[in-house]
Every structure is written in C-alpha cells, then in structure tokens.
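Here the chain labels run A, B, C and D in written order, and each chain numbers its own residues starting at 1.
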Amino acid sequence: MVRSWERYLLYALIAFAVFLPLIFPFDVWPNLPTREVLGVFNTIDNLQPGDTIVVAVDFDPSSEPELYPMLLAVLRHAFSKDIYVIGINLFGPAGTGLGVKALTDVGGEMGKTDGSDYVMLGFKPNLPAVISQLNSDIKEMYRSDANGRPTADMPILQRTPKLQGNIKYMVDLAAGETVRPWVAYGSAPGGYPMGAGCTAVSFADYFSFYQSGQINGLMGGLKAAAEYEELVGEKGAASAGMNSQSIVHALLVLFIIIGNVVFFRSLSLKHVGTGGGA
Amino acid sequence: MAAFIGTWIAAGLTLMILSFLYKDNPFFRFAEHLYVGVANAYIVWLVWATIVLPDFIGRVFVNLDPNGAFTPDYWFLIPGILGLIMLTRMVPAIEWMSRWALAFVVGWGAGFVIGPVLNSYLLAQVYASFPWVNMQPYLGAPAAEYVPALINAIILFICVVTVLVYFFFSYEHKGVIGGTAKIGIWVLMVAFGASFGSTVMARISLFIGRARFLVQDAEPAGHAFSILLTLGLLIAIIAAVIARRSLPPAEESDSAE
Amino acid sequence: MALIAAALALASPVFAQQADEIAVSPLDREPPPITPSVLLGFEPPTEIEARDLPNDDGTSILITWRRSSSTPEDVRYTVYFSEGASGPYKPLPFDFRPIGLGENIMANSLQYFRYSRSHRDYQYIIIDFTAFDTAAEAEYKRELKEYTKQQEEGNSPGPEPVLHIYGWDQLHFKLGVTSNGAVRLFDPTLHAEPVTQWFDWSKFNNLFMAAAFLVVILFFIETARRRRFYIRRIAGLDAVDEAIGRATEMGRPIFYLCGLDPMTTVSTIAATNLLGHVARHVANYESQIKVPCFDPIVMSVCQETVREAYYEAGRPDAYNSDNVFFITNDQFSYVAAVNGMMVRERPAANFFFGFYYAESLLLGEVGQSTGAIQIAGTDSNVQIPFFITSCDYVLIGEELYAASAYISREPKLLGSVKASDMAKAVIIAALLLGLIFSVALLIAALGDSGNALGWLGEKMEYFMQLFNEHT
Amino acid sequence: MTFLRRQLPVVIAFVLGLFTLVIFYIPAAPMQGIGDRLKIFVTIIGAFAMLLGINSILGQHITKIRKKRPGYGYSWVLILGFIAMMVAWIPWWSVPPEGTTVYYPWGGLENNQGVFYWMFFWILVPMQATMFSILAFYIASAAYRSFRAKTMEATVLLIAAVIVMLGRVPLGTSMTSWLPDTGFWGSLRMEEMTSWLLNIPNAAGFRGIVLGVALGIIATSVRIIFGVEKTYMGGGD
C-alpha cells in the first residue's frame, strides 16, 4: 500500500536519477562490448567498400530513444567503410520519417549522395509480402522512394535490383515483431546473413534465434546502442544515457528489495497475529 | 528559427504528456488528441503518396515518371478495385462486400506463411537444439572449452524439451511428465525474468531519451529547461513532504487515475 | 575466425586492382601473362565441373570443384568467361567477388546439395546468367547517355551504341585463382545451360511436414465434431472458480478485461470464450460482473456472450447490459479509466485475459494495491512477467488457447490444440532421437572428429540435417 | 446473395491460400511470376485498409462534436491537428531541395524540408516518444509495491530479472570487475552470468514458445484455407 506522497517521492527520485547524470555528465563505469553486439559490428567491419547492406528502420518514435542512436551508429559505421545502404521501414508509418532523417543527416555528414550511396524506401503494409518481394525485385515493389522520387533510374537500385544474392548483410532495427518475419521471409530464402537490433523489451525474446545462428548479432536497447557508439568511436545519445540508466537500475533493484522486505515482514506479522506458523 | 520554435513546441508538448504522471488532466488530453490528429494525417499522406499513387494510379492511369515510357498495366485494376471494395466497410449496407477483399488478403497470407514459418520458426529451431549441432565449433577444442560447452549444450537441450512438455495438454501433469513440466515452468520463469529485467530497462531508456531531449538537445532554446525542471522537481519533493504531514496516514493512493 | 582471415586476405588485392584499372578497362583485359609464384605454385583443384543449378528457376548454373591441397594466404578463386569455347577469357562483366579457400563449402549449402560428409571437400560458385543481361543493359544505358550528351554538345559521337546480347548457350567459363590482381586460369573449359525446375527438392522435408500437419489438423477438427478429446484441465481455471466464489462471499463485483486486440485475434476469441464460462458462474452465484471494453466490436460480442450465459444459468432477469460497456479506443485513457473504477469500486477479483501491451503493468499494479484476487492469461510474452509478479495466477501463452478450447469445446479449437500436441510429441521424439545420435557421435568424435561412426554416423547427421533450414 | 456473402469469400481464401502454399515449393519462373504479382496486389489492398482506421477515428470524433458530448473540445483539437497536417502536405509550402527534381510534387518528406516535415519532427515525434516514457515512473512504483516474491515461480523470475537488470548496465558490471577474467570465478562476473542466463535457459524457454507459436500460426492458416476459421470476416452475416 503506497500513499500518494510516497508515490510522488518515488517519481521524484527517478527523475533526479535520470536528470542529474545528464546535466552533469561523468565517465566512471566502462561499457564493455558484448559478444552479441560484436556479431553485428564485426560483420559490417569485414565487408568491403562497394558492398550493399539493408538497414530496416522498423521502429517509430515511441522507441526512438533506444533505436535511433543505434541506427545512427550503424549508418556511420557503414558509410565510413563506403558501404551502400538501402533503408526500409515496414513497422509503422512514422518510421519512414526517422529513416529519411537519419540517412540524410549521416549521409550529408559523410558526403554521400541520396540515390547512389543510399536510398530510403518507404513504408508498405503486409510485411511478409513486401519482404519476400524484395528478394526477387525491389523496383516492382517500390516504384518510388520515401521522398517520392521514382526508383527506376536510381544507381543504387541498378546495382542491387533484388536483395537475393546482391546484398551482403541485413540489419533489422526492430521495435516490434519484425525480426522473425525478416528471418523467415527475407534472410532465410534470400540467403543473406542477418543481424538484429531491438528494443530491450523484445531483447530476451530473440535469443532463441541468436543461439540458432539465424541472426548472427543482436543489439538490445540503449546499452547495445552505447556499445556500438563506442565501437564506432563516436559517443552520442546512447552513451550519454548509460549513467542515468545505471543509477535508475540500481534504484529499482533497491525498490524491489525494500518492497519485498516490507511484504515479508507484513506476512510474518500477520502469521504471528493469527497464530499461524511459517 | 524553425528549429527554435520547434524546440519550444516539442518541449512543451513533452511536458504536457508527462503531466499525466500527476493525473489525467486537460493538458494531457490536449496533447493526446493533437497527436492522434496529426498522426492520422501523416498516415493518409503516406498511404497516398507512397502506395496508392505510385503503385496503383501510376501503373494504370497516369505516367508519373517523365523520363520513362508508359504502358498501362491493367492487371493492377484488380488490387485497386479490391482496395475500394475494402472501403465499403464504411457503408454498413454493403459492408459485406469488403469480405472479398479481406478474404483475398487473409487467404493469401494463410497460404504464404506456412512454408517459411515451418522452415524458420520450427525446423531451424529444432535443429539448433541438437547437442551435436551446438558442439560443432568445439570439436577438437581443449577440455577447458569443450566441457563447459558440452554442459551448456545439454542444459539447453533439457530446457527446450521440458518447456515443450509443459505446453503439452493431452496428459495430466503427474508422474514423470509432471516432474518434467515442473522443470519446464522454472525454465520459463528464468526466461520471463530475463525478459522482465530488460523490459524495465527499455521503459527507463525511453524516459532517458526524452530527458536528454529536454536537457541537451533543446540547446536552441537555451538551458531554460534544465533550470525549470530542477526547480519543478524540488517543488514536487517539497510538496510530497508537506503532503505527508497533512494527510492522514491510512489514506491510500488513487494512483494512475 | 575464417571470416576474419578471409577479410585480411582480401584487404590488399583491392588496391592492387584499382591501380591496374586506371590503364585498361577490365573488360578488354586478358589475364596477365606473368603470374606470381604464389599462383604458379598453387596445386590446381580437381574435379572441376559445371552443371545446371538445381532447385532454381532456370537462370543460374553451378561450378563445383574439389578443394586444392595448397592453402596459401591472399589467394581466392575467381571465374572468367568467354562467348564461345575458344576464348578469349575475360572477367565477368558484373560485380563478382572472388571467393576464399574456405568459403562456399558444398556441405554447408543444403539448398543445392544433399547432405554428405564428402561434400566438405568441395566448393562451388553460382553464376546467375540474368546478371549478364542486366550488366549489358546498364552498359548500354551508360553509353547511350554519353552518346546523346556528345550529340547535344555538337561533337561527333561516334557509332551509335548497341545493346549487346549474350547468348546463354554460348557462355563458357574457366575457374581460376587470383592474388593481388594477377590471375591464373585452370583447364578444362566449363559449359552448362540453365534448366527450369518444377519442384524444389531441398524443400521436401518442409513439404512432408506441412502436408502431415495439415492432414492431422483437419483430421482432429473433424473427429472433434463427433467425440470429445481429453485435454488436461488447466490449473488456472480452478483458480478462476475460486475467485468467483470469494467475490460472492465478499459481495463485491468482478472485473473482466478482454485485452486490447480486435476481435480477429486468437487471444481475444479465447478471452470471450472464457468470459462465457466466468459469466455462467457469476450468474449462478448471483454475483456481479463488469466488462470494460477497448473495442466496440469486442464489446458487442461480450454483451452477447454474457447475456447467453445468464440465460443458460436461468437468470435472464439478472442480466444488465450496462455492465458490459465500451470505454475508449485509446490505450492510456482506457487504462486510466479502468484503474479509476478499480480504485473506486474495489472489485474482489480481476480477470485479465487476451492480448495486452504496456498497460499490463498499470492494470496489475493498481489491481493488486486494491487487494483483489487477480488472474491473467495472455500470449503476449513481454507482458507475462508483469502479470506473474502482480497476479495470483497466470495462464501462460498457449495455456490460454487450451483453456478456451477446454471451456468452449468448440471442435476447431479443440482439434487445433490436439493437433499441436501431436506435432509437439513428434518434435520431442525427434529431439530425443537426436540426443541419442548426438551422444553417440560426440563419444565417437573424441577419437576421430572428421568421420565419427563412419557411414552410420553420416546417416545420423543426415537425420539432424533434415531439420536444418535449407539455405 | 448468400453465395456472394458467405461462400465466395471462403472460396477466394481457399484458392489463393492453396495457390500460394503450393508455389512455395515450385521454383519455376512462371509460377514465381504470378506469386510476385500477388505480393504487390496484397500490399496495395493493405494500403486501402489502413484508411479504414482513420475513417473510424475521425467519424467518432465528428459525432462527438455534433452531439456536443462532454469533452468535445478535445475532438476539435484532433480535427484541427488533422487538417493542419493535411494542409502542410500541400507542395507549395515546401521548397524542393537544390539539384533534385521532385517528380511526385504532392508527396514526400522532401528530404527534411518544408512544413510537413517540420510538423512531423517537432510535433509527432516528441509526442509519440513521450507517450511511453511515462511508463518509467510506473515501473518504479510497481517495483516498490507489486514486484513481490509471492510464489517460488515469482521468486525465480525476480532473481533472474535482478541479474539481468544489473548485468546490462555499466554500473552492475563494474561491481564485479574485480573478479578474474577467466576460470570459475570469471564465470561469476555479472556480465558472464547475464550472458549465460540469456543464451542458455532464456533461449531455450523462448524456443519452446516459438515452436508453439509456429504450430499455432500454421494451424490457424490451415483452418483459414479450408474455411473452418471464418472469424476474420467479422460477425453477423
């Protein structure tokens, strides 16, 4: 039973734990890269200039804090190695805008041109149909890109008329259940390796696919984004948030312990009161 | 200039939505309704500009590519007409016609998913549970690597089988099956625990993202937010302390109303 | 490990090739006559063959060879082509990446080759003939653009470009090795023509299982219409009955939520089935049930279900349609409203069945704080943990479907649960068989890791490979 | 009429379902060609279906305004937001980017320029992102009052959750960084425990669930193809 002042106190504690490290940044705890993130990083790192990868922007602003830094880091990495990037969004309409922004921002920063070094294909409903069709022909499915330009003469799509056999890697940055469809309808029939980045919500879910090797890398949540930023060597939004994340986690663990202590004490008191044993 | 105004508006809307933490209030309602309206207009644009226009109209009626030759492909009248039939849902009298379009999409999906799902969700997952398959990279490795890998491969196998037994409904959970199912539920609990821990992480990350926007990204509008927020938080805490004194101790919250 | 080695091996030739290309266009270039010693000393691979690529739509061919015994670094396999058997042999006109000595092993590619241990010594390259046409078309477009540009500028543009058409029956190939831009080609001349296939044999295992499962499902659904199957009683259902009993004792209402998904999803259908069961008990006990709905269609179905339940219990007079009501179609507003009601009315029991999103946390937490007995059932993996920590009993995933089949006794649900059980039994049997094979192979592999248990071992491996994704 | 209403949809679903199921096993170009075309067809139909949701939301709020139900002022906000975004989409508000020709002038994000994009980025994105960040606070209060080790199962769950929560942040991994890297003690490091937990029991648990999900999807699909399952068509006749 929590009284309302207690609730607001908890809220205030959480808010402080988040805001203070952001206002006064410090760098104490090292963020060690995990094997799962290295899976994605190494695959992209081992590609050669001129290879094409697909980066699926399968999230919308509701998971932007976790996945957008990841997207930026992956794009930086790919562009710095002169890898062509095909962006696509099959999760929700609002993801298209985020994908366009990330590609234009990072592409502009790295001196890449839209249409020849990268392209953002927009949103289409009916995920299995779109993924599967991209394996056999992109331009039939996408007659225009997210900016409304026709794809018929785009150099990047001339080089990569279909995904099967033409792309070297595929990274799905997923807020929802899009990783498994990408495996089943895209990567497995198309024969290209695949990595995934997801929100921490579905992170644990995808380990059965990571263990089986159907995805060769798995980035989960803000921590993975921060790791990738560090691997690429450009600390950004995700790294900045890790201190807050650490402190809030410690706080929550503390809450859970206190809550349980209170709970068990009240239980034992009740038992004593009614004369019941343990 | 656009970014400056934008930042203020975005920050204001962010705070309006966060005010839901206190309770459901007019600011939250305003922001929420604005959001739904804008988001829906965005969807209309998206459906029209990136699907209906290039894929349907651009294929059958109008040439949209000034550089290319145009040959109308009348096969695409089929999805166009079915799509319009789908819209009969809006008219209750002929609503039943939309079933044709629905049956087209649903029937297609039903047939399409069986093969890939069987391949990737079922066969590949079973394959990756065999200890021999999981031990492939470790064959010939030194004992210090081989033995832990072997133990892990066996544990993984046992866990998969026990979970499958737990979700087996044709027998009562008694005897051997009951014991196995019991292990299965523990395995599931560990899995759900992992999922739980990382979901907690996700929710915190989302707030960190917004907090970072208010504190760091909102540069164009100055550091006003940081100061305002810190003050606001202090007030909240003081209010909580005062509330504690004034409230009768037994009263419970009407949280999240 | 192999991947990193291959990448290291590849780093240098790229730059070397770029330096060469400044002088001559790669298309016109014969392989350089002087080859470095690393290539001259390379033991040629044997059994080089070309044939049609199996299991494809008739556009590609396959070149296979037995791996060479020499393994120098920096050397990769490449393919040169010629139109006509006599030559000259040129690099492929499209982007072709030479493959490393450890890549493209036949034993790892079950889409084209039946599993066999001997295939570990063979490598393959797939050549897609449509890539020739695409390359010719791109070349033509490029030349045409240049031609028109020259014309517009008033220069003499030279001869008008023509689209080069590759005769698929004229294409001949030679396998070679390459290192730092130098190439050495091997005999013999390779030639094969692509053929269209009408059945993908690599998917035979898939087809077999799909067909078997299809028959089993239809069989069980059909049988379920005629007789009852045994399904174990889900423990959560007992908890449901207890909770209703307690609510009656306390004289407080019961809250029943059907989740946030529309009527078409399995979990919502299951939730409405269970609602029928709960409502019947409630009607019998003369207790009160409230069903706040998220979706208008779900609401009308729920109203129907509850009314029927009251009729069945013989108490149609006690039914009050105002107790099943629509709140709003917006997630957070819905939760706020439901939580408000929970705090005000202090229900004795809360049931959360169906599919939930992030609101599970809020519902469970507030419900618990009011001291209600809570029972949840959802197939949303992510939300199950929140229910487990805040509810007294949780139906996990498929248990929800099974419970609804148990309650409703609807043939299609019962038959599906039973068919899934059969499939699971087969999977468990296959897994146990695989375990026996694995143990045998692992013990044998301690002595001879390459060829454990001889042909019997190969058959055992073949059995496990049947479950591999064939890609 | 009954045929058109009841049987025809079932027939359509049966024919299409069986056809797409069969061509999965046929690699030949003519079959795959038809299959590819069907994929584009269903995408286009799906796009129209997306408009249905919008109709129902707008309809709901227009009724609310007409009948002056409580809180209809907010419905005005919704309608005005909708109209504003629609107007922002009109091309003459935006300047085409330098050097590119916008062939579909009435569509597109115009590469991050224009009012439409401004509204997307400064109104839609922050609000959608904030909506779920509220949950951070609820998790905190739920951690305190409802994450209880009431049963043995819940205890296991909470212990696993605490390990993952600590093992997935730098602070948690720093707590055990004094342990040696390798050997038995190394495996007690927070990140190693988390990694083992995620890779072995967690992967196995979710694998069991995925296998069930796969069987469920296939069973539903079979029921749809053979007309046993008709709930997708909605109630009534």
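FYI, a residue touches a chain if its C-beta (ideal position, glycine included) is under 8 Å from a C-beta of that chain, and two chains touch if they have at least 3 such contacts.
Computed from a prediction, not measured in an experiment: that's the story for all the values here.
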Pair sharing more residue contacts (C-beta pairs) when A-D is set against C-D: A-D
Distance between the centres, which are taken as Cα means, of chain D and chain A, whole angstrom: 14
Approximate Å spacing (C-alpha centroids) for the pair chain C, chain D: 17
Gap in Å, rounded to a whole number, between the CA centres of chain C and chain A: 19
Between chain B and chain D, centroid-to-centroid distance (C-alpha), Å: 4
In chain A, residues with contacts to at least two other chains: 1-2, 7, 11, 14-15, 18, 62-65, 94, 96-97, 124-126, 129, 132, 144, 146, 148, 150, 180, 188-189, 200-201, 204-205, 208-209, 211-212, 214, 220-221, 223, 245, 248-249, 252
Chain D: positions in contact with at least two other chains: 21, 24-25, 32, 38, 40, 42-43, 46-47, 49-50, 57, 103-104, 107-108, 120-121, 124-129, 131-139, 141, 143, 145-148, 150, 153-154, 157-158, 161-162, 164-165, 168-169, 198-199, 202-204, 206-207, 209-212, 215, 218, 220, 222, 232, 234
Residue numbers of chain C (touch at least two other chains): 203, 206, 210, 213, 332, 358, 362, 365, 369, 381-382, 385-386, 388-389, 397-398, 424, 427, 469
Chain contact topology (line, ring, star, complete or other): complete
Residues of chain B that touch chain C when the two form their complex: 20, 24, 32, 36, 114-115, 118-120, 122-124, 126-127, 129-133, 135, 139-140, 150, 157, 160-161, 164-165, 167-173, 188-189, 192-193, 195-196, 199, 203, 252-257
Touching residues on chain C, where the partner in the complex is chain A: 3-4, 6-7, 10, 14, 95, 97, 111, 126, 128, 134, 138, 369, 381-382, 469, 471
Parts of chain D lying in touch with chain B, wherever the complex brings them together: 4-5, 8-10, 12-22, 24-25, 37-38, 40-55, 57-58, 71, 74-75, 77-86, 89, 103-104, 106-108, 116, 118-139, 141, 143, 153-154, 156-165, 168-169, 196-215, 217-218, 220-222, 224-225, 232-234, 237
Touching residues on chain B, where the partner in the complex is chain A: 21, 39, 42-43, 46, 49-51, 53-55, 58-59, 64-65, 67-68, 105, 108-109, 112-113, 116-117, 119-121, 124-125, 127-128, 156, 191, 194-195, 197-202, 204-212, 215-216, 226, 229-230, 233, 236-237, 239-241, 243-244, 247, 249, 251-255
For the chain A and chain D complex, residues of the former touching the latter: 1-2, 7, 10-11, 13-15, 18, 28-32, 34-35, 60-65, 94, 96-98, 100-101, 104-105, 114, 124-126, 129-130, 132-133, 136-137, 140-141, 144, 146-150, 180, 200, 204-212, 220-221, 223, 242-243, 245-253, 255-256, 258-260, 263
